[in-house]
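Worksheet for the structure shown next.
Lettered A, B, C and D in written order, each chain numbered from 1.
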Amino acid sequence: MPLPIEIVLFLFLLSTAIAIARLEDLFAAAMLTGIFSLLSAGLFTIMDAVDVAFTEAAVGAGVATVFILCTLSLTAKREYQQPTKVLPFIVVGITGAALIYGTLDMPAYGDPDAVTHRHLSAKFIEIEERAMFSQNEHAVESARHGNEEKAVGLPNIVTSILASYRGYDTFGEVTVIFTATIGVMLLLRGRRHKKSFTSQSRSDGNDVVKEQPMRMREKIILRVVSKAFIPFIFMFALYVQFHGDFGPGGGFQAGVIFAAGIILYGVIFGLDTMRSAVPERVLVYGIISGLILYGGVGIVSLLSGANFLDYDILDTHNPAHGQHLGILLVELGVGITVTCAMTTIFYGLAGRGKQ
Amino acid sequence: MVAVLEILSWTCLVVGPILCIIGGIGLLRLPDFYARTHAAGITDTLGAGLIILGLILQAGFSLVMVKLIFIIIFMLLINPGATHGLAKAAYAQGVKVESEEEELDAATD
Amino acid sequence: MHWLGLWHYWAVIILMMIGLYILIARDNLVKKVMGLSIFQVSVIMFYVSIAKIEGGTAPIIPESGNQLVYSNPLPHVLMLTAIVVGISTTALALALIVRIQEAYGTVEDGELNEIDGHSP
Amino acid sequence: MFIIAMTGVLLTMLIALIAALRGPTVFDRILAVNMFGTKTVLLIAVSGFLSGRPEWLDLALVYALVNFTGIIAVTKFSRFGNLASDHKRVKPW
């Protein structure tokens, strides 16, 4: 009998979500969002979405918690008590009922004959499988010509679709990250207004802030442990970056893991030390250069006479190698942009309190 | 030889979860924060370590085994480090050792 | 009993509604952002549960060359990018909240309305 | 047999979740969250073996590494109230 792992994890998720809704202590709620994303990543793994789980793990457990904590340090740590309102319950109830009514026409969970699985993705899987199993190059070539379809020929179908079939879409997503980071920089880089409020003007008893000088040797164990671990995190990020063609991983995940390593350094050693190790100016250039690398691959393929982001043209003798080169470069661009964007956002949010 | 490895790995895979659950019960029932760190320590190092060790014995010589060894090393170094930082922070914030207080109260009564 | 096969979607929808409730019923802006991220995760989970095929495995072709059933990779691709985009837009929202705190001295929705002169 | 390990891990996750929801002080919650993170690593590892494709332990590795960042950030926040201060002196803001 198979274990009802999914049911158990869903129950955990629901109770965590309800607890987040009920808690007035925002710090505790922030920690529960960490648990929430750990649980959801576990559920993604059970549902076969390893790449999604990878991203959620890196984002939710490390970076998202840090960002929310940075914001909490600048605002209040507790929310005001408020009476339970009836109207939101009614709205939510009606919306939920409507959505559940909508699912009644959907195919059952895990149905292999569902409409979703029959069109585009079935074709992708078929092409990629054929390209993978016909090991020698000629077979790949003939598979291409025979089918009039382009194949990528990498084990990880998700990476193939992400960087090649839907490369245009991913380019758009990277641009969104770029734009959002510019927005954060514009909002938080400016000098703070003189008579601005801080959270200390309305401290509410739960303020954990205490001004206490701290000597270096007090944190010696944490410093040594993290010093030993940060290189491993970076090495692992590089592995994820370049192994993403063969296993779960890729530019997005690697970027977030790399940023998590840099943020760990900043949290342990302080923002000033972090600034001298990773200057903000470099990060700004990094965001731009990653995006340019991605777009540049597209422009090169355009200038060579193919479509935008058509990597076949990058190696005229063997289009499969061209595909692999293109995906490598594009993922590298994504990784650089995401790393620098996440670190810049951390600088913005954490550095705001120090000015 | 294979049978010995099998028995060893299954023993690890059974004892590990039991230790995890025992530590979990300790996390719920022990009186104060510092005692609870001890309970968490059982699950995080010994329980988790035994489960991973059982998986290593199941995996045999492969890349999977290397990754599992890395996980076990990371766990054994990270968790005590994090718990140490936590206990230090709790001490700096003035979290009390409850059981000791009760004893003191009992002594003064 | 076709309906019983749909409970994954229902669980996801309940999760989504909890996020929506936090978003519309709570006054604190940071709490609203947390609700938004719950909502976002549940939308992602909805897509992932659509992609699942019974008896399938993750869409990574093994080197051994066995023929396997793979879950649908297309929703995974869309959701993977959505998570990273989601965290950067969340960061933008948090930056806006920090600026609101500096300008108004509060992040409670009701107080903000009072300061702006609207009745809540 | 993996099922026994899985059941044990899920039970421990339940206990850690209860502790995180209940925890009287902030530090109890952090402790429970840390334990929960470790148990998630085990869940991923065991479920890989349970489903017969244990190649994806990268996922468990990323948890083990990235969870550390989160826990350290939470610990520092609980002690200093911000994440920016350096190790020599906490500057008032």
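Heads up, the rule we're going with is that a residue touches a chain if its C-beta (ideal position, glycine included) is under 8 Å from a C-beta of that chain, and two chains touch if they have at least 3 such contacts.
Note that the structure is predicted; figures quoted are calculated from it, not measured.
Peer 1: Would you say A-D or B-D is joined by more C-beta pairs in contact?
Peer 2: Top pair by contacting C-beta pairs is A-D.
Peer 1: State, to the nearest whole Å, the distance from the C-alpha centre of subunit B to the C-alpha centre of subunit D.
Peer 2: Result: the chain centres lie 12 Å from each other.
Peer 1: Express in whole angstrom the distance between the two chain centres, defined as the mean CA positions of subunit B and subunit C.
Peer 2: Taking the mean C-alpha position of each chain, the two centres sit 32 Å apart.
Peer 1: Taking each chain's centre as the mean position of its Cα atoms, how many Å separate subunit C from subunit D?
Peer 2: 21
Peer 1: Pull out every residue in subunit A that's touching 2 or more other chains.
Peer 2: Within subunit A, the residues that touch at least two other chains are 30, 50, 63, 70, 72, 208, 212, 219, 222, 226, 229, 232, 247-248.
Peer 1: For subunit D, jot down the residues that touch at least 2 other chains.
Peer 2: 7, 30, 55-56, 58, 61, 65, 67-68, 72, 76, 78-79
Peer 1: Indicate the residues of subunit B shared as contacts by at least two other chains.
Peer 2: 74, 78, 81, 85, 92-93 - these are the residues of subunit B that touch more than one other chain.
Peer 1: Using the touch rule from the top of the page, what pairs of chains touch, sorted by label?
Peer 2: A-B, A-C, A-D, B-D, C-D
Peer 1: With touch defined as at the start, can you tell me which subunit A residues reach subunit C in the complex?
Peer 2: Spelled out, the residues of subunit A in touch with subunit C are 6, 10, 13-14, 17-18, 20-21, 26, 29-30, 33, 36-37, 40, 43-44, 47-52, 55-56, 59-60, 63-64, 67-68, 70-72, 74-76, 79-80, 82, 85, 88-89, 91-93, 95-96, 99-100, 103-104, 106, 108-112, 114, 116-117, 120-121, 124-125, 128-129, 132-133, 155-158, 161-162, 166, 169-170, 173, 176-177, 180-181, 183-184, 187-188, 192-193, 196-197, 199, 201-202, 246-248, 250, 252, 255-256, 338, 341-342, 345, 348-349, 352.
Peer 1: Considering the complex alone, what residue numbers of subunit C touch subunit D?
Peer 2: Counting only subunit C, the residues touching subunit D are 57-58, 60, 62.
Peer 1: Inside the complex, what are the residues of subunit B that reach subunit D?
Peer 2: Subunit B reaches subunit D through residues 10, 13-14, 16-18, 20-21, 23-25, 27-28, 33, 36-37, 40, 43-44, 47-48, 51-52, 54-55, 58-59, 63-64, 67-68, 70-71, 74-75, 78-79, 81-83, 85-86, 89-90, 92-93, 95.
Peer 1: Give every residue of subunit A touching subunit D within the complex, in rising order.
Peer 2: The touching residues are 3, 5, 8, 12, 15-16, 19, 25, 27-28, 30-32, 34-35, 38-39, 41-42, 45-46, 50, 53-54, 57-58, 61-63, 65-66, 69-70, 72-73, 198, 207-216, 219, 222-223, 226, 229, 232-233, 236, 239-240, 243, 247-249, 253, 257, 260-261, 263-264, 266-273, 350-351, 353-355.
Peer 1: Can you tell me which positions in subunit D touch subunit B when the two form their complex?
Peer 2: 1-2, 4-5, 7-9, 11-12, 15-16, 18-19, 22, 25, 27-28, 30-32, 34-35, 38-39, 41-42, 45-46, 49, 54-55, 57-58, 60-61, 64-65, 67-68, 71-72, 75-76, 78-79
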